[in-house]
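Submitted below is the structure of interest, expressed as structure tokens.
When the chains are written out, they are named A, B, C and D in that same order, and each has its own residue count from 1.
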Amino acid sequence: MADTGENFAAFNSRALVEMVGGVTDEALKVTKIKQFLSVLAGRFFNWAGRKSLFTLHLGIKCCAIEMAAAATPRFDGDRFGVLFRSSPRQSDVLLVNGPVSKKFADKIVRLWEQMPEPKYCIAMGECAISGGPYFQSYNILEGVDTVIPVDVYIPGCPPRPEALIDGFGLLREKIIRIGGAPSSERESEKPLIVGDE
Amino acid sequence: MAQMWITMGPQHPMTHGLWTLRVKVDGETVVDTEAELGYIHRGVEKICESRDFTQVTPYCDRLCYVSAMTWANSYIYAAEDLLEADVPERAEYIRLISAELQRLASHLMWLGAFGPDIGNLTLMTWCMRDREMFLDLLQELGGSRMHYNYPRIGGVKRDIPVGFADRMIAKVKLFERRIDEYEMMLDESTIWLVRLQGVGYANAEEMVEAGVSGPNVRAAGVNYDVRWAHPYSVYDEVDWEPAVEKPTSVKGADCYDRYRVRMEEMRQSCRMVLDAIEKIPGGKNTNYANGDEMIYQKAPTRAPEGATGFSNYECTRGASQFYIQGGGDGRGKNPYRLSIRSPMFITIPFVAKTMIGYKVADIPAIMGSFDPCIGETDR
Amino acid sequence: MDDAYDLRGLIFDLVDKTIPPLLEDTPLEESSGQIAFGLATFAVVNIVFLMLFFSQFAILWIERKAVARMNDRRGATTALRSLWVGENGVTAGEWWNMLPFGLGKPVGAVNKWLNKKFGNRDEKFATVDRVNNRSWMGYSIFPGFFQNVADGMKFLLKEHMVPQRADKLIFEVSPFLIVSSTLLILGIIPLSSGIYATNPELSILYAIAIFGIAPIGVFFAGWSSNNKYTLIGGIRSAAQLTAYEIPLLLTLLSVAVLSGTFNIIDSVHFQHSAGAWNLFLMPLGAGLFLLTMIAEVERVPFDMPEAEAELVEGWWTEYGGMRFGMLFMAEYIRTYAACFLFTHFFLGGWHLPFQGLIGSIPVLGDLYLLIPGAVVVLLKAWLVFLLVFVWARFSLARIRTDQILEFGWRILLPLAVFQLVLSAVYRLYLFDPSAMDDGTYGGTSWDALGVPFLIPAITTVIWLGIFFLMLNDEDKSGNTERMFHVYTDKPAGTYVPGQE
Amino acid sequence: MGTTVTLSQNEAAANDCLAAINDRFSGSGVVASVERHSNAKKYAFVRITTPPQHWQALAKWLRFDLGVNYCSMVTGTHYPEGPQERGWEVAYHFLRQPITDQLPNTHTVYVAEKLDGRLIPMEFEVLIPLENNDSPTVPTVQHIWGGADWNEKETWDLVGIKFEGHKNMHRVLNPHDSPEGFHPLQKQHKIRYHDHNEMYDDAQGFGRKPADEGRIK
């Protein structure tokens, strides 16, 4: 500590904290504990986050039936930890499975805002992607991505439950990369499309 | 506790879709209700005015997401009325079989969704498991799991595949035993009975007055079934009887009656398809090529201005009706106006008023027993 | 009979032998006894708590897999293998190579060898196996066990949200109220006579008192969320828990009357030394206990407070993230504690089934008696959980609130009083205190007229008879008209319009 | 099988209804006829055309004297280029269902062959042409058939035909905050991309030209 004109007689807690911090930093740098922690805990939490995707129990239209079928004996989404919760507070994934009408647009944004970060949005079916067969309608938005950022698109009208399961697989791939980044900070990450080679 | 309004929906497990039920409760008792629809109003009627008559079928498939085949058939009969098309008898039989298979799948979906309403989660997976059998059969016909685009004006898209008959008979016979299994699981459970019996009374005359139709009315002892009153396909040639329930109270049918009548309808559908597949003209194991005159007769594609077509069809939830006016697009290629009558659009406001006086916990039971489908409601 | 494996004694002995010599000639020498006691208690409490807590993952797993089987599904298959294998061909990063100093290299090598040697069964099924998390020659080990670990850890990641108009303080406090009071239950639950954290004299009363705290937290949580669903859920919960607390208390009182003690461990000892488990002496009490306990832990068919059909998720609708995770965990701990209490009160705790009979066979009996008490208790508790709680949850529907309350006040309460009187009669007139024996083979206090085990046998037979009579009666009296009366089985044409 | 209503019964009932209507309303502008569907079994139904001023009287008579107890659908149509007397049209569809009072534990199985008179199920179609102006108005039948209630709400919401005397009229399918006077099924409203219909003229898609590139979003 160089002589900078400070009063050395008085107990300088700030300097003490700095000194201790410096020593700790040095120790961390030498032992690379931070790296250990970030690698081990980061990998582990990433694994947990992508293996346990609770989906909001929201049924809009046809694809909702395929969503339900994906949870039933033949397809069994529970194998991959996909569960359906009724409360948006306890969900990670917003599965938009139908056309978003003008009346429902602000409601779905509200549901999205009620979900805690990190949260993901899957647009399932043509209606949610682009309006689908109803793209000419006076009451239907041209895709849910006009109001909510979408992570994975699952085309089909409706997509089969296998495609939905594949969509969750793609979402897990994406989570490997983005981890728990909040939804507002993934603008650069381009959305994935099921079946897009 | 003071009275308060609770808004159930649009995202709510009870709604089976996207609509809002506003309930005024006094403690646990429902005092007043209000139904709010239109969350997935897609303007199908408007879009169809710019589609030609063949292109309307996929939109009708997508009207109700659990009974696509019956809704497409319903439209096809209206279009055939408008365009004066003739249908080969084999095609009528195939339509009957496909519609009844769809009815089985739809009622299974209803039972599966009704289970969690009451709190029985296993019922859901069991019913969906059995529903897959019928989806597989319909997939053999239409090529898709849910929206088949199968009937054509003047026939059907393609014939039943070879071996379809045997597979169908085996599955339907298996399913007839499964119905007994469900009834054993449900009817012998006291909890199931105390939750359903005496809840959600709806009187026959009130319901007819309000415009409710289908199994919901037949549960109250009304012997009216479109298949019986205005038989449109070959329903007068196959072996079946309308399933009519005998209500136990002057107040009409309760949830249990509606549950029973749907179980019985499933039995009747099984009986019907088993009979129809034997009676089908041309033989059950022959496969005619696409467009063969046994299954398809070419129909005119244009309708003059002023011509109208109307169909009254027994869908899985009640009488669905189409009213088409020809002469759109200047050349008669499109419908000028296509109007759809959805049974659930009438039923949901009625059911909302039915709940008054019951407990909050009865709302899902009552609503589920009427089998709401919002796709057809909002159109 | 005391369990042969006395963990508590072992640790106390160890500490008593090591600590006082260490402290000799130090200022702490005088209080070395207290220090040793404190250290030993600390160790024992931690060990027992960790054992109870981590064995709880087993019941989560049991429920998930058993439910899947009942639903004709496969159930969760998540295995730890996906940690390094990744998803859909995107590897999760070879994290062992990212660790500094190459410390992870051996792990990587072992992994590589395992995957190569015992990985996917067939190259052709590589995708299938990866998707299904099959990790050992095409099979998975404990499939889905780590799903609950993943769920729990994910809750830690989630954002903490408080509704804007919620009562923030109470909203934040009530999960801790529920969780902390629930964890206190684990303190008095013995895994065997040698493995327990503490053993207060009146531990039965303590358990009931602790069970009674959580409803307050539930009501707070429901009220403070400022949501109508949670409010209704909280009120339903308060009403239901109050209604079922009293039959539960009376049932436990009848257990205490029969065994003559308010202590859990003593009551387990009593069952063995008197010669019969309480289950066979008071089947009615066992049934009452299970019913009230299902209601207390709010599971189907008594799960009205969180009925997801009409109240979205009941009183915890507004909780997300780790708060929700903790509430979820607390509910399972309560269930687990209920299973343990049933095991101790009615299934003879750590005593083996037919311990006297099988234990007296020369060689086999000795082997039989070697089974540790803690294992017996855990197995019994898991079995109770599987056969009662899980089975009921996924085969029954839920009862309406008014029906729940009516059932509680008008049926369970009188039955509980009746059971109390009955057990007093058993204790006073049928019990033979002189024949009690705390040995390996148990006593013969419940013999009568010279016939061994006459009283439990007769009691069980009578109650089973009543049960089956009521079961059959229900089917017959329950308005057969009502059951199957759709009229299509008769041909149309038998009736004329307007007439029956 | 004998379980269904036959064509001859249907024909007879339709003629009876026609005779009754002509008997009661002849000369008042109410025109009735028996028509046949040209699909399926070619069942007959009764088509009635009435001016709006006689509609409520006709409705009450249909409901209470002829036993038409079921209002199934209401369709409004807009003819902007139609004649002056038929710029709008409301089509009501009714069913006559055989209903009797139900006592507890009883039910009625109607035997199709034995049905006669009022009990034979019958379809009715009532057409009400309206004048070609900006505010088409028709008297409501909400109080006569409960089933007409929400159907009329929907017709007002989508087509914009006012039902005079309808209580509690509000939007049902369109959002509540839709602009005043927005009724999407009127013909002046076009659907999105309505001028790109050429790609739908060719069902197979062979001649699909990228003509609409740049114009579609």
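Assume a contact is a pair of C-beta atoms (placed from the backbone, for glycine too) under 8 Å apart; a residue touches a chain by one contact, two chains touch by 3 or more.
This is a predicted model, so every value here is computed, not measured.
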| item | value |
| --- | --- |
| Between A-C and A-B, the pair with more C-beta contacts | A-C |
| Chain closest to the middle, measuring from C-alpha centroids that were averaged per chain | B |
| Inter-centroid spacing, subunit B versus subunit A (mean Cα positions, whole Å) | 37 |
| For subunit A paired with subunit C, centre-to-centre distance based on mean C-alpha positions, whole Å | 34 |
| Subunit B and subunit C, separation of their C-alpha mean positions in angstrom | 44 |
| Subunit C-subunit D separation of Cα centroids, rounded to whole Å | 61 |
| Shared-contact residues (touching 2 or more other chains) in subunit D | 3, 98, 105-110, 112, 173-175, 184, 189, 191, 194 |
| Residues of subunit B engaged with two or more neighbouring chains | 12-13, 38, 41, 43, 46-47, 50, 125, 129, 241-242, 244-246, 248 |
| Where subunit A touches two or more other chains, by residue | 72-73, 86, 101, 103, 136-139 |
| For the subunit B and subunit D complex, residues of the former touching the latter | 37-38, 41, 43, 45-47, 50-52, 54-55, 77-78, 80-81, 84-85, 87, 92, 203-206, 208-211, 213, 220-224, 227-233, 235-242, 244-250, 252, 309-312, 319, 321, 323, 325, 336-337, 339, 341, 345-346, 349-350, 378-379 |
| List of subunit D residues in touch with subunit B within their complex | 1, 3-5, 10, 37-41, 43, 45, 69-73, 75, 77-78, 91, 93, 95, 97-99, 101-110, 112, 121, 123, 125, 145-151, 154, 158, 171-175, 184-185, 189, 191, 194, 197, 200, 203 |
| Subunit D-facing residues of subunit A, complex | 101-103, 135-139, 142 |
| Subunit A-facing residues of subunit C, complex | 64, 68, 71-78, 82-83, 86-88, 90, 92-93, 95, 98-101, 131-133, 144, 146-147, 149-154, 156-161, 308, 312-313, 316-321, 324 |
| Residue ranges of subunit D in contact with subunit A within the complex | 173-175, 184, 189, 191-194, 217 |
